[in-house]
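First chain A sits with chain B, and in the next complex the same chain sits with chain C.
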Partner chain A sequence: MANPSAVCNGHLHHHHQKQNNLLKSGIYKKNGITKGMKKNGISNGTLYKKTFIEHFEQAPMYVAVLTFLGFGVGTVFGYLRDFMRAWGLEKRNVATEREQQKDFVPLYQDFENFYTRNLYMRIRDNWNRPICSVPGPQFDLMERVTDDYNWTFRFTGRTIKNVINMGSYNYLGFAETDVNALKTVTIELQKYGTGICSTRQEMGTLDKHVELEQLVAKFLGVEDAMVFGMGFATNSMNIPALVGKGCLILSDELNHTSLVLGARLSGATIRIFKHNNMQSLEKLLREAIIYGQPRSRRAWRKIIILVEGIYSMEGSIVRLPEIVSLKRKYKAYLYLDEAHSIGAVGATGRGVVEYFGMSPDDVDVLMGTFTKSFGAAGGYIAGKKDLVDFLRTHSHSAVYATSMCPPVAEQIIRAMKCLMGLDGTTQGLQRVRQLGKNTRYFRRRLHEMGFIIYGNDDSPVVPLLLYMPGKIGAFARRMLEKNIGVVVVGFPATPITESRARFCVSAAHTREMLDTVLNALDELGDFLHLKYSRYSKSSHPELYEETRLELED
Partner chain B sequence: FQAPAYHLILEGILILWIIRLLFSKTYKLQERSDLTSKEKEELIEEWQPEPLVPSVPKEHPALNYNIVSGPPTHIITVNGKKCINFASFNFLGLLDNEKVKNAAQASLKKYGVGTCGPRGFYGTFDVHLELEERLAKFMRTEEAIIYSYGFATIASAIPAYSKRGDIVFVDEASCFAIQKGLQASRSNIKLFKHNDMADLERLLKEQETEDQKNPRKARVTRRFIVVEGLYMNTGDICPLPELIKLKYKYKVRIFLEESLSFGVLGEHGRGITEHFGINIDDIDLISANMENSLASIGGFCCGRSFIIDHQRLSGQGYCFSASLPPLLAAAAIEALNIMEDNPDIFQILRHKCERIHKALQGISGLKVVGESFSPTLHLQLEESSGSRENDVKLLKRVVDYCMNSGIALTQARYLDKEEKCLPAPSIRVVITVEQTEQELDKAASLLKEAAQSVLN
Partner chain C sequence: MDFKGMKNYLYWLYCQFELITCSYLMEPWEKLLFYTFNITMLVTILYTAYIFIPAHISMAFQFFWHFFGNQHENTVSVVK
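Entry: the complex of A and B
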């Protein structure tokens, strides 16, 4: 993902000797960027108990050129339309300031909204699509049409039924309306109502919260846990409580907005290391300890590393064993945000800590959200009792924000009990296994078809690269015509040349649903020329009994 | 032609100088160029960080939470004891309203619990759209936008409009969520004394003279005033008519935070704009949370589409967070229905507030802070003992006395080190529509007794 002109061999080598070496050490990677990374992988091979395969293939050069061309054309037309609007040649569709306030300082700069007005507006119908059913493996979309090229929408009143849902974060399929499954939630809703009307420290701690916190601590295998009403707010309100001025935060390049906001609000110094790149992190750690704070050279009070379990735009899994060894060596603290990985990876759904076979004591602060795998809302922070006691007293959320609402807490409790097997069935384990199977099948088939997919082979978040701005809109609309709902993302959530479609595999998807999606993707891939990958496996079937034995130099 | 001798000598010296410069070491200002790798390893070995969290004393009041068994309704079971609830912000008593619960149940059957996605990625449900429409219609504005958490509402709304270099005039007594929103926006913050319009005008005049010095910069610097309808920390209201005059005089936009006044003030509960009879379009943005009067979770902002639509792409708590669970949205819609159908509850609530406000006057040792029609009052110590810790302990004894006799109260909690203007320790008294006159009288007399026994 560095510069398109970097060395990127277009052919595939089979180094059998190297294969043996790498198989012994247990880690290898397919990467179009630097070879140094791979060498490091070999030397740290003993940290990883199972193979760690990530793909970040680069597209051929002509794709980048065409992408920039596409944006260029869009920009030129954008200027043209702005010009026509300013001179009254075209109708202005956007809302305007009040007459009485026309001489106030303008609220928005024109150029700030250039991208929104001219590029985003053209394909706006692919986002904010309203649904009117449970966000399970299939859902019902409300049909929306626009009469004026996406400036306004109107509902026709019809619903598009049974659209296959590849966009919602429903990894374990707990977003369901089965009456038996929701029995306890119904009872608690009747008993408690929907509101709390108070904060945790005042009158807002219910017995339900205590029950939930004990269950979360047991689930994760830690001493204590605390739950909060919103996942985003869990980060933005607790990181400032843990670090302050004089501390150093080392944050991954691609961290989520909530982590970035929490780090900024804390007032600590922030330094960014390259995505999942351990050399970059080690270099920053060494520099920080040796040279201290800038200008005054005082030692840092503490150093905290912010990483996520699964990165939602890349589908990559954090290199936890290496980070933990670095953290031990340099005495830093680790804050792991498992928003997407809790419940989704690991043999029993305990997240990346279990996935790598490590113990929860290795991570200082375990944070996660309940929105994705548990089909509820809210977040938690877990760890040692000292940490959680401190957060009970000093977290912004405990003092000023409402606590979690009881029916939502009950949904988490029942989902967690199901996962832990405490409800007497093995349904939880089955769901985790099904998710793993679905993920591996989906990713394998997409690789075979020749799409460029980013991320780790075990991550249920599957980004499929589209690159060109014109294809973003075309892809999403055509998939909807085939009754499949996908999520597409472009700039500014991703780098400008790497627009993508992101699939979220769920345990509730059946093999037929996945096959329907895959066939549609196959067709659409041919039609839109999306199969950029040069390592398409279907061309060498006999050499690929296992997906792992691919190497690239 | 022979060059003169001094030419050759000069050129020779120059060439030698260049050669010397080429081979000398470069001089970097930043690094300690003398650290050997052994010294570096030693530094790394020696460095000891602070512990991740400082230890918290066991008797810290916040570690011993009040645990409520069952719903925090009018009769609340705190720590095993049944009390009358004077601590939860359940102003309109909608927390255990049957209709609200039925609406939530119906939504649960249809949608499940969570939305599994942010608004942009299939997290927009028809109930969200309906709630936004209803709120906009109720408040008589063009558009409304919903957030899934009350705190995040104003904390995301302010940074969406006010950026680095802009100026925000904010009241000293504003709540913590506003302070966090201001911190995230990185704008220039100017605090004015609580409800003091003269102080605000002084600041605005100062800014005007600054502007005249640099008119180009002034043309692009946005200005905002952020005030609350009913202040959580002091229980009084902001003088909105004067603020509107200042708005047009100095060309500043107003953001109004109405978490406590929504569903309380005004003839139909529309908040402080209805209370004063002001045209709602004069306020640029109204933000409120649904966690008080509407007894749900979440928050909303309403105003003209020109303003609100911007948050759909730049409100961080909106774009990057999962949307509000549909059952909570359905509960809020039903609560709005009840508010619209029974407009007389607001008058009843005000009547009760005035009653208890009068009854609490004259307690020796405690003074009442708050307007007579405000449903949340503070009881502060008339004379502080000198140290905040002791004040807090005294007030805790008053609260415990009341709790033991069946009235549930709580102290107002703050983060001492984080607040810009830390209010004095106080007991929070919340009045709801469900409290009967006897209960109000009982609470007042109990507080008198408690103050007598503890403070004298």
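Entry: the complex of A and C
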């Protein structure tokens, strides 16, 4: 299961090395075995009850050199095209300033606009592809062609049917159109209609919302919860309600835009620690407590740590036990955004808190979204009753935003009941297990083939590194030709040299679908020369198939 | 003589070149410009190499022969 020679996160933690050594001798489950690694009187071995293996392998040096070469050529041609556009040798399709504004500060000269005009436009056909069916394990795409190199598109009218979906966040497969499954949703739709026409504080709180909030609180094991209509707005509108000026926010380097926006809107001081790096976080905490606020040297009113459960661009899982022990030691608060991890990790799908075997009381603010694993839309914030009561009155979202519409609330209720087993079947648990199996199988096969994959072995988000800008377009187009839809990401969502293809494994994917995708990836990996990994496993993958022990079932 | 395999391999190498230098993304006239420039540079370098390298190598040989060369001439003159 684990690759003993895998390179972990660049900042190697001693006890992960110990875990790797123990893996070589075949021990999987561990509990307090490391000797002499005591921290605060707690033996380090008991922090992590299961192995925590993350891969962030660096590509060989020639890959970096060739990536820069590709970008260099692209930049040179970008300047050439800009020159031709400025001198009227070529038709201008871009946004430019008007003649009267030519003497003002230029609007479109920065690197982001340059990159968009000259590099993004060339491969723009791989994004914003309209789909015309439910985003289940397979979907239908509308066929689009371009006559002028991606400046404009037109639809041919045909649809490409049954494209395997490796891009939608459909972790548990609840994005389905099966009539039996959606029976209660249909009933609620006929009872309530679709619109709420009000905000939560005015007339927008329905009995459905109350039912949903109680169910969410029960699911997570906390006192109370509040739901909002939009996941992004949950973060960006509630963080300003929780912190303000004079508070300190310690945010992970790779946090999502919604967290960054919420932090900036709050007016608190923001300090960034390196991704998932506990030494960096501890250093910042110590400095904050020792030196206090910048000019007055007073103590900070509140120190809050913003982290995510699973980071969607890296596929890494947060080091929750260490963060909780740090937060207890330095008396800070913890805000955990489980957008991608709720429903997707943990033995019964209750997120990273369950994955690490901790209690939900350890985290002060539990936030999550219903968009990813529940096939609906919206977000929630859960925690102590005092916290949620405060948010009900003070959150911008509660006062101004429309509340969740009833059929969507019913979809979440039915999905959650399914997960908890309250509908009388074990379907929910089967879905969680199927997702775990699919994830492990997919990741293992990709590692064996020799691709560079980032992230934790248990995370259903699988980024496959492509590095070179030319390969981004080629990869996505060729996968579509083979009837597989993938999401590729480049700058500015990732660092400029680390462009990647991101797969989202779903419980609804059958073994055959995954095998189709893996065979296509194998072929494409050879053709595009993407197999950069220096740690690929043996060339006899069939020997690994059923002889592994599934210890964490 | 596996011509088909050889041709496939060369095509694959050409594809790699296209992907690495982003010429896969270029419009036809840009590709023409880019390849013309590249081929011109390559031809210039090869031509320069063809003209200058033999001259340089023979100069280098002469330089090194000087270290051993003096004794050689001496032996020749003694035999004479």
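Everything that follows uses one rule, which is that the second predicted complex is superposed on the first by the 476 of 553 C-alpha atoms of A that agree within 3 Å, B and C clash if a C-alpha of one lies under 4 Å from a C-alpha of the other, contacts with A are read in each partner's own complex, and residues count from 1 in each chain.
Following the convention adopted for this analysis, contacts are C-beta pairs under 8 Å (C-beta built on N, C-alpha and C of every residue); 3 or more make two chains touch, one makes a residue touch a chain.
These numbers come from a predicted model, not from an experiment.
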Just checking: does A:A64 make contact with chain B only, chain C only, both, or neither of them? Give me first, second, both or neither. neither
Between chain B and chain C, whom does A:G193 touch in the aligned arrangement: first, second, both, or neither? first
**Asked** Taking the superposition as given, does A:V324 touch the first partner, chain B, the second, chain C, both, or neither?
**Response** neither
Which superposed partner A:V73 touches (first chain B, second chain C, both, neither): second
Check your understanding: Once the shared chain is lined up, is A:G473 touching chain B (first), chain C (second), both, or neither of them?
Key -> second
Per the contact definition in the header, classify A:Y149: touching chain B only (first), chain C only (second), both, or neither. second
Larger residue footprint on chain A, choosing between chain B and chain C, goes to B
Exercise for review: Scan A:L387 for contacts with chain B and chain C and give back first, second, both or neither.
Suggested key: first
With the two structures laid over each other on chain A, which partner does A:L524 touch: chain B (first), chain C (second), both, or neither? neither
Intersected contact list for chain A, partners chain B and chain C none
Chain A contacts chain B in the complex at 95-98, 100-101, 103-109, 116, 120, 127-136, 139, 142, 165, 167-170, 174-177, 179, 182, 185-186, 189-207, 210, 229-233, 236-237, 242, 256-258, 261, 264-265, 286, 289-291, 299-304, 330-333, 364-365, 369-372, 374-377, 386-387, 389-394, 396-402, 405-408, 411, 485, 487
Within the complex, chain C is touched by chain A residues 66, 69-71, 73-74, 77, 80, 119, 122-123, 149, 468-471, 473-474, 527-529
Contacts from chain B onto chain A in the complex sit at residues 31-32, 35, 40, 43-44, 47-56, 60, 62-63, 65-73, 76, 78, 85, 87-90, 94-97, 100-101, 104-105, 108-117, 119-126, 128-129, 148-152, 155, 161, 175-177, 180, 183-184, 218-223, 248, 251, 253, 281, 289, 291-292, 294-297, 304-307, 309-310, 312-313, 316-317, 319-322, 324-325, 327-328, 331, 408, 410-415, 418, 428
Given the complex, residues on chain C that touch chain A span 12, 15-16, 18-27, 30, 34
